[in-house]
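Residue numbering begins at 1 within each chain, and the chains themselves are lettered A, B, C and D in the order written.
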Amino acid sequence: MRFFSDNAAPVCPEVLAALGAVNHLDTAYDGDQWSQQLDGRFSDLFGTQVRALWVPSGTSANALALAALCPPHGSVVCHRDAHIQNDECGAPEFYTHGAKLLLADGDGAKLTPETLRGAVANIRNDVHQVQPHAVSITNATEYGLVYTPQEVAAIGVIARERELGLHMDGARFANAVAHLDCHPGDVTWRAGVDVLSFGFVKNGGMSAEALIFFKPELAAATLYRRKRAGLLLSKGRYLAAQLLAMLDGDLWLRNARAANAGARLLAEAAPNRLVYPVQANEVFLKARPDEAARLRALGFDFYDWAPGEVRLVTSWDQSEAAIRPLAEAIAAL
Amino acid sequence: MRFFSDNAAPVCPEVLAALGAVNHLDTAYDGDQWSQQLDGRFSDLFGTQVRALWVPSGTSANALALAALCPPHGSVVCHRDAHIQNDECGAPEFYTHGAKLLLADGDGAKLTPETLRGAVANIRNDVHQVQPHAVSITNATEYGLVYTPQEVAAIGVIARERELGLHMDGARFANAVAHLDCHPGDVTWRAGVDVLSFGFVKNGGMSAEALIFFKPELAAATLYRRKRAGLLLSKGRYLAAQLLAMLDGDLWLRNARAANAGARLLAEAAPNRLVYPVQANEVFLKARPDEAARLRALGFDFYDWAPGEVRLVTSWDQSEAAIRPLAEAIAAL
Amino acid sequence: MRFFSDNAAPVCPEVLAALGAVNHLDTAYDGDQWSQQLDGRFSDLFGTQVRALWVPSGTSANALALAALCPPHGSVVCHRDAHIQNDECGAPEFYTHGAKLLLADGDGAKLTPETLRGAVANIRNDVHQVQPHAVSITNATEYGLVYTPQEVAAIGVIARERELGLHMDGARFANAVAHLDCHPGDVTWRAGVDVLSFGFVKNGGMSAEALIFFKPELAAATLYRRKRAGLLLSKGRYLAAQLLAMLDGDLWLRNARAANAGARLLAEAAPNRLVYPVQANEVFLKARPDEAARLRALGFDFYDWAPGEVRLVTSWDQSEAAIRPLAEAIAAL
Amino acid sequence: MRFFSDNAAPVCPEVLAALGAVNHLDTAYDGDQWSQQLDGRFSDLFGTQVRALWVPSGTSANALALAALCPPHGSVVCHRDAHIQNDECGAPEFYTHGAKLLLADGDGAKLTPETLRGAVANIRNDVHQVQPHAVSITNATEYGLVYTPQEVAAIGVIARERELGLHMDGARFANAVAHLDCHPGDVTWRAGVDVLSFGFVKNGGMSAEALIFFKPELAAATLYRRKRAGLLLSKGRYLAAQLLAMLDGDLWLRNARAANAGARLLAEAAPNRLVYPVQANEVFLKARPDEAARLRALGFDFYDWAPGEVRLVTSWDQSEAAIRPLAEAIAAL
């Protein structure tokens, strides 16, 4: 009965089965027939021509994306609570060879047009200051909030004005789209996103994320960077197969809907305790230490997030039956 | 009937089964119970206390190893035909932040004490020249030759004299040990090796290699570098499980012996055509273009390596019955 | 009648004369007799054994210092208004190969024990977060405030507790010491400073700053980094000569006292307009745009700093006679 | 009576005088009136529109040039005896963030069309191999040989074919042009050179070299890299003044002619001892250890270069009278 991370969830059976299904001879690296399908399959999904690369982690997807958008002497605007700033041990700085992250504010880890403009407003346009070259937003955010297509587009307009590349960290992109119930293109390229880290691992995958370039020409140097970083696994077909299995029959969406439904169930149990509206698969609750302790005594695992605040994360594999006991325990506090 | 790369071979069934066996809830990253067993299991294998980390590729294992041994302003001596020099797109330079590879010679891609001494002899000890900090040798080499414990130890003596760290690229370490029929410690730490990239993927694994630190203190900064490079996969238990499955019952050795036996069978079919003695699972044959074409016409796939020379690589999954047709075709040329 | 930057001031005659005095044959790089004197001369000045290197700019001094104290995967705590953060185009990130600057607060660009503790308090000690390895403080600060020996020592205590290296950006170190009227060792190594960027260019020098290692062993790798960065000029004697000329007869202190006296004169003209106490050679004044315009109409040049705020910087070469007209004009506003 | 390095020569009086002449108030960094003249003055010299930046060292000029031409995942072809490979402590790797130098052969440290083609011929065009992006040649070479305009153009043709940027390390460019007696444009941009490191320090300067971009658009990012590396000195007018003084009245050519004449005098003294033809200001002589010792006993200083080989370097400041004693001593051996 754990609610501490969707990274701890198992791999979904379709993905595991896909590994077996490709377990025969094929070309190494990404020359195999499955890897070769990614561009086409993701182009179909997004409704535009994309380049789609598998990578083994969300951190590497993000870092490669930023390296494609920002030179070593540039900066990337992001929210001060962004994963790329706080939880990737400086991967953006490593892959960009020392670019800076320029931190901005916004409720629920969401940048707003105002906070983005504010972040870049005071940068003097001279060689003494690191110039902004990109923006990175997270959808769903670190606090489970979802940018709407309109909100992304408002960021995208500023990005174009200022000639900033726009990256979306979509570690929980599936949860965001499931919540929005929109076309995945609406909240990405149609709203100005240049590169998307499309997460699958938290959503039932094992070890493959997709890096989606909506400007296909940005992918060229990334192919070298991916190899150079040791991310071009020699048996790449086992990564491609995971992604293809997730796309088949919109498994990615079904899984995300399941996880989101679980979170909603928890949210409905304690509407007055919510720190943020629950939109994706994360629930941030106000709970006193003794209340948290009572939940834990009942066998529920989760992280304390801040004083008087706990985080509950639901996963693709948790049925309503698996969630309900926690929902009831919360309601009963 | 392909003999072009052991990277193209399938994953062995024990490894695939292991993925299913760990497919339940556990802690993310490398906090899970399987990842936590690696130090102990590899320490037992090598007969000394080691730190063992999973990484998703051989390139990343090598690059992290070199970053642990060489500062940005240093150099690593390696053979001019080494994989780290020719086939990793500059991964050593990326991970070390710009160290140089100092190229040395030797038959069959093997460094010798003489060529190693020669490579460092002319470096002036001043700040204008990049100073050597490490040596990297490959066992088995890119041409399928195996360093004996004595040969490694002779390199190790020079490394200690010159205060150079000693790295072994063991993408085919299993094949080397299978050939030597020695204790794995004899050809590594007892011979002066500080860090080993212990390959499993070419030998039946899917996406996990082991990075073995015989000086455990070298691992500390590597833990940060692994994360920073996006190599710390969030569901690490699926990597740990692969390594543990390969260690169980010495599967790694059995697989390597099978691959080596296949190569020997091919070698015996054409002793006069051998470019190098066949010790591991690679066979380099002299073959005229028309001869190579005849083999291909029979359905055998392999790489041309050099003018008049082809490379045949055997894999863990090829039985004698699978090899014999090619052996006979070669003999009949 | 310019008060916009001490970088715009001329070179003092003793420094210019020193260039002529060494203008004969000697060894290249830093092998010459003058460069060889630096360790001894600065050790005498600071009352402890130091390693002293010339470098051609303050930015390079700072960046080399930080590279000596912080690995690529670490961070350096500094004030959010620090020069290394805002005015060096990412030099710290370049030289450290991607370390982060961790920004902290404090009045007048001064870190306090509380803000330093606060900055590092929330860093989880795990590989997902960039760990702090160093602190950098600026003395005198970007707003002309001076850390006392006691204030530095309070920072130094925390640095030792947390195993952080302590760097002092002393672009205006001379002005700070002139204000404090203390032994230069009191505000540096005796207070826990490990490396000092000791500025001379703003204080009458031409193109030489000193990088002082109070832990001499930290200098070893820096010698390579300095060369590798193209900072080891081939005719280094012309840099060493500048530093020696500034040390002779405490010229560095005399120049700084002159600049500080000029600032005091301005401060006394308008005590109610001061944004910060005037301690070194910078004066931040509240002045409406029309007031600033009036001063400029009288021929005085200076920077607007913030809305309703101007910055005046005095230099070593400005006599009381040169300052008084501005003082009077301010008083008359 | 030293002949060991032109770096050891004094600064010529015109340059020293120029420092005094600009020793008054002006804008900091490169905003001053003298720095602003560089583009125009060097454009006039080369007969085409260039961007010209001062930098404080030849190593930094070379490294910035290569960073402008080669991405981190690329390589630069150069001669295996090139200064950038052997004497800059890895500066190219630092500034390019880890690009490789791809070493090629050629007599007298000169690349030839054949050796250049050979160096890149075997690079597979795939992501596993570092792809060549630039060529760097040195004129005059490390052995004092001079590429003619035709020879450079032959390299330039290959560079264009292969889409490689072409850099010329002109630490002794003045000596090359003095030898060729050609227009400086003939051996640079008209022959395909994209970026030139134009050396002045060995030729009578103190601390300023010029970085010349024949494709002005390449300079844009370099301005940030120069600042980021701490190479944008705050009192830049003292660097610009040196360059302008060297251009005035073609002082750079007169100085180089004087140095070359000295070398010719030495060469004529011992035509049978010459290891290479003497074209610039370096003379490589065959001399047994006892012969070298005899010269040294007479008070002549120089480097042993290889067994049985010594290097003599002449400088701008050595008159025929200063050279003749050595010429006679050599003749008398």
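The working rule: contacts are C-beta pairs under 8 Å (C-beta built on N, C-alpha and C of every residue); 3 or more make two chains touch, one makes a residue touch a chain.
Source: prediction; values computed, not measured.
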item: Which of A-D and B-D has more C-beta pairs touching across its chains; value: B-D
item: Relative to chain C, chain with the most remote C-alpha centre; value: B
item: Where chain A and chain B are represented by their mean Cα positions, the distance between them in whole Å; value: 34
item: Interchain centroid distance [CA atoms averaged], chain B/chain D, Å; value: 42
item: Mean-CA-position distance for chain D and chain A (Å); value: 50
item: Contacts with 2+ other chains: residues of chain D; value: 29, 72-73, 88-90, 94, 97, 127-128, 224, 227-228, 232
item: Contact set on chain D toward chain A in their complex; value: 29, 71-73, 97, 127-128, 131, 221, 223-228, 232
item: Interface residues, chain B side, partner chain D - complex; value: 72-73, 75, 86-90, 93-94, 96-101, 127-130
item: Residues of chain C touching chain D in the complex; value: 2, 5, 7-11, 16, 19-20, 23-29, 55-63, 88-91, 94-95, 201-202, 206-207, 224, 227-235, 238-239
